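Same chain, two partners: chain A is paired with chain B first, then with chain C.
Now for the complex of A and B:
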């Protein structure tokens, strides 16, 4: 069972993702409301996959991806954010995210993106 | 072969192997034959020596005979005889059976037995002659000396054997020479054959390879032609980008058309697109291309982030003129050995699609926006609108002239921008003042562009292209306003509509005649327990000719009276109708081009009740009940200008006698002009007067029939 950590400053979004992916067979091992928490929990929770918001108070998602990558080069990162511009998405991919889903998203969007994340092509 | 797949190199490997086998064969044979020739040469030499030894032996027998006869010593001759005799004997035996003898240099040498039948016959004959001769010599040698008889006997034997032996040894020599010569011939034949085979092999290889080269050249040529055909005929702009963002040397002909330049090979893609995109988009493009070149990021994920899906490009078409085009770039990875080495880029001119899409959207917007535009226009008095549109058009033309002058200039002064900015700002101010928000927004974006240009250190004419494009758009917007205003004017010809909203202008409000009207309205309102506010907008009436000014003053006073007495409701009613407690009277005066003036008077009171006017007309005895009922609303409303008709139930100082609006009508007839009325019961009443400037005498010839319209 894949271990999932959800990073998002919105309570509602966190529970929406947790519900959608929990039903999809992922085990939620960590919830982080901001980048700092996420980096900290990433070490203790050892997730296989992280959903990452970009715009958060304090450390933003891009910086958070960079820090997580430094300590965990193998975890898969899916950006889930209201990506206002393409530049941010490109930046996230460059920093090491493997996929993105734009808010607002459906449950299907999420599960499909997670599937893509672990497909080998 | 050897478990290795030689593929297309199989032929060449086989050819080279054959070449080596031929060479090796020739070499081995060569070695073998030439070593035989070498031993034959030794045999020739030894056979020749045997010839010489027969002669020496014969000569020594003669010398021995002489010594014996003279009775002198024989030691020297005997010694030489032993040497010659034994050498001949040993060599003969070696020829016959193979074995050792002394070589030319006295060193022992091993020779093989001669196996040639002819030579063996010669040797057998020699043996037959040699054996008795050899026995006699051996006997003499054994005794150590020869007496004269023995010596004579030996000489006689030598005379018998010597010549045949000489001839036989000669034959042997000749035969051995013949054998050697035949081997040399064989050797030459082997060499010639070997070289011929090697040459043939070489020729085959050569032919084979030339044929293959030609074939592959032909294939290459065909492939090149196909590529050329594709690049020449495709409608897409196609090119390859390397890791440095440089355009490859081959690209489709359409690319030249799409990008508007043929100088593309080896150039930086970023440099080419940089004039058309913002610095941020350019940065994003770089990052995007970097991302595509990294094969660890999935292509289908990246594709949706393409920042160059629609790029607006302004192409210079001449001084101060530009054409807007929309380009779309698509990127695909090119793999070599599993690595992304290049990107195949397609560039397309999607102007037509974009314009079509926009047109669709615009027609949707128009459907929505035309309502807004009409509302905007309706709020502006037609003359003011025309005046504004003319002045805006003049301003834009002025900007255009400046753009044309600067279009081709290498350097453009800041003063030009400032001048354009001032015009744009003035027109924007006017547009916002008139509530033309759409136009004001467009002008605002023009100002933004100009501010951007103002901050640049140096400017060339071509930097003004975006300005030119915007100005073109503004012309179109103004044209649209003209058309819409024209349509509104047509509508106004039928239906009087919402009044202009006077702008709050303290200067205008302070004019003496305005203050007089306001004082009059205030006094009247107090008397009738109403609250009113009079706002004025327009020209200074004091500047008009006296008769006109006086007439206007009277008419406005009549309208004020009419509005407060008949129009503005009491506060309670107003509150129930959702209106502000204070009634609003709006006066607007503007001058026309032909020297006349337009007067507009509006109150937000009761409006005109057609039913009440009908009743009043019947009450005043002007119409029978039946006539009144049959008369159409427009004509009924017109009755309010008839003398002695009032809808008011009781007569007082300010109304009820029906002697207000007929005064207005009289004045309008005097001045020459038209009256239009617009009203919605319960909402407003609006009088619009177009007044001439003709002297009262001359106006008699003009139509002075008031027109009344009403919005029921």
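Now for the complex of A and C:
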């Protein structure tokens, strides 16, 4: 079972992602409301995959991806953000994310994107 | 903000409600509003805009809309904290989606949520404020765009 950490400043979005992906066989091992918390929990929770918001108080998702990559080069990162411009998606991928889902999203959008992250395993 | 740019926000509202609830919002015609008379409902999510534009975007809704949306999404806890969270998230999503058209220098803040219809939301004095009225689940709500 893949271990999932969800990073988003919205409690209801964290719950929505947890419900959607929990029903598709992922085990939620960490919930983080901001980037700082996510970097700390990434070490203790050892997730296989992270869903990452971009716009958060304090450390944003882009910086968070950069820091997580420094301590965990193998974790898969799926950005789940309202920022719908191409430049943000390109920047996130450049920093080490492997996928991008734009809010608002459906359960299908999420499960498909997570499936693609692991399609080469 | 011209008519074409306001249409971007109209389209985003329509897409948001259709995607999240399966039921599109009925969006009315945007109108210019006196900053002292801007609509404020039970929960208001406010996003500050900076970068290549300046101003704010806010989403304001009666609690019944937010409550119904949470229940439809499978969220059983419809406490005020979660209603406020949803108001902020909707404001964030609408503003963030606008970057598809306005570009990555359309910078958005994290949402600030104001609780209470007796509150006043301050918009920049030198920027026109447009109200985009809409109705969902037979209840009226508003998006206010005050961006130059």
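Rule of thumb we're sticking to: the second predicted complex is superposed on the first by the 119 of 121 C-alpha atoms of A that agree within 3 Å, B and C clash if a C-alpha of one lies under 4 Å from a C-alpha of the other, contacts with A are read in each partner's own complex, and residues count from 1 in each chain.
Just so we're on the same page, a contact is a pair of C-beta atoms (placed from the backbone, for glycine too) under 8 Å apart; a residue touches a chain by one contact, two chains touch by 3 or more.
Note that the structure is predicted; figures quoted are calculated from it, not measured.
J.: Does the chain A-based superposition show chain B and chain C clashing or fitting?
T.: Overlaying the two structures gives chain B and chain C room side by side.
J.: Classify the contacts of A:70 with the two partner chains as first (chain B alone), second (chain C alone), both, or neither.
T.: It touches nothing on chain B or chain C.
J.: On chain A, which partner's contacts cover more residues, chain B's or chain C's?
T.: C
J.: Considering only the touch criterion stated at the top, classify A:116 as touching first (chain B), second (chain C), both, or neither.
T.: first
J.: Report for A:98: first if it touches chain B alone, second if chain C alone, otherwise both or neither.
T.: first
J.: Output check: A:81 vs chain B and chain C. Expected answer is one of first, second, both, neither. What do you get?
T.: After superposition on chain A, A:81 lies in contact with chain C alone.
J.: Of the partners chain B and chain C, which touch A:56 in the superposed model: first, second, both, neither?
T.: Second partner only.
J.: If you stack the two complexes on chain A, which partner ends up touching A:10: first (chain B), second (chain C), both, or neither?
T.: Touch status of A:10: second partner only.
J.: In the superposed arrangement, does A:106 touch chain B (first), chain C (second), both or neither?
T.: In the superposition, A:106 touches chain C alone.
J.: Using C-alpha centres only, what angle sits at chain A with arms pointing to chain B and chain C? Round to the nearest 10 degrees.
T.: Here the answer is 80 degrees.
J.: Which holds for A:43: it touches chain B only (first), chain C only (second), both, or neither?
T.: Touch status of A:43: no partner.
J.: Note down the smallest distance between any C-alpha of chain B and any C-alpha of chain C in the overlay, whole angstrom.
T.: Between chain B and chain C, the shortest C-alpha distance works out to 5 Å.
J.: Report, in rising order, the residues of chain A that make contact with chain B in one complex and with chain C in the other.
T.: Touching chain B and chain C on chain A: residues 85, 87.
J.: Quick check on the complex: what are the chain C residues that touch chain A?
T.: It comes out as residues 15-16, 19-20, 70, 73-75, 81-82, 85-86, 88-89, 92-100, 103-104, 106, 108, 110.
J.: Which bits of chain B are touching chain A when the two form their complex?
T.: Result: residues 280, 283-284, 287-288, 290-291, 297-298, 301-302, 305-307 of chain B touch chain A.
J.: Considering only the defined contacts, which chain A positions touch chain C in the complex?
T.: 9-13, 15-16, 19, 55-57, 81-85, 87-88, 102-106
J.: Quick check on the complex: what are the chain A residues that touch chain B?
T.: Residue positions touching the partner: 85-87, 89-91, 93-94, 98-100, 116, 121.
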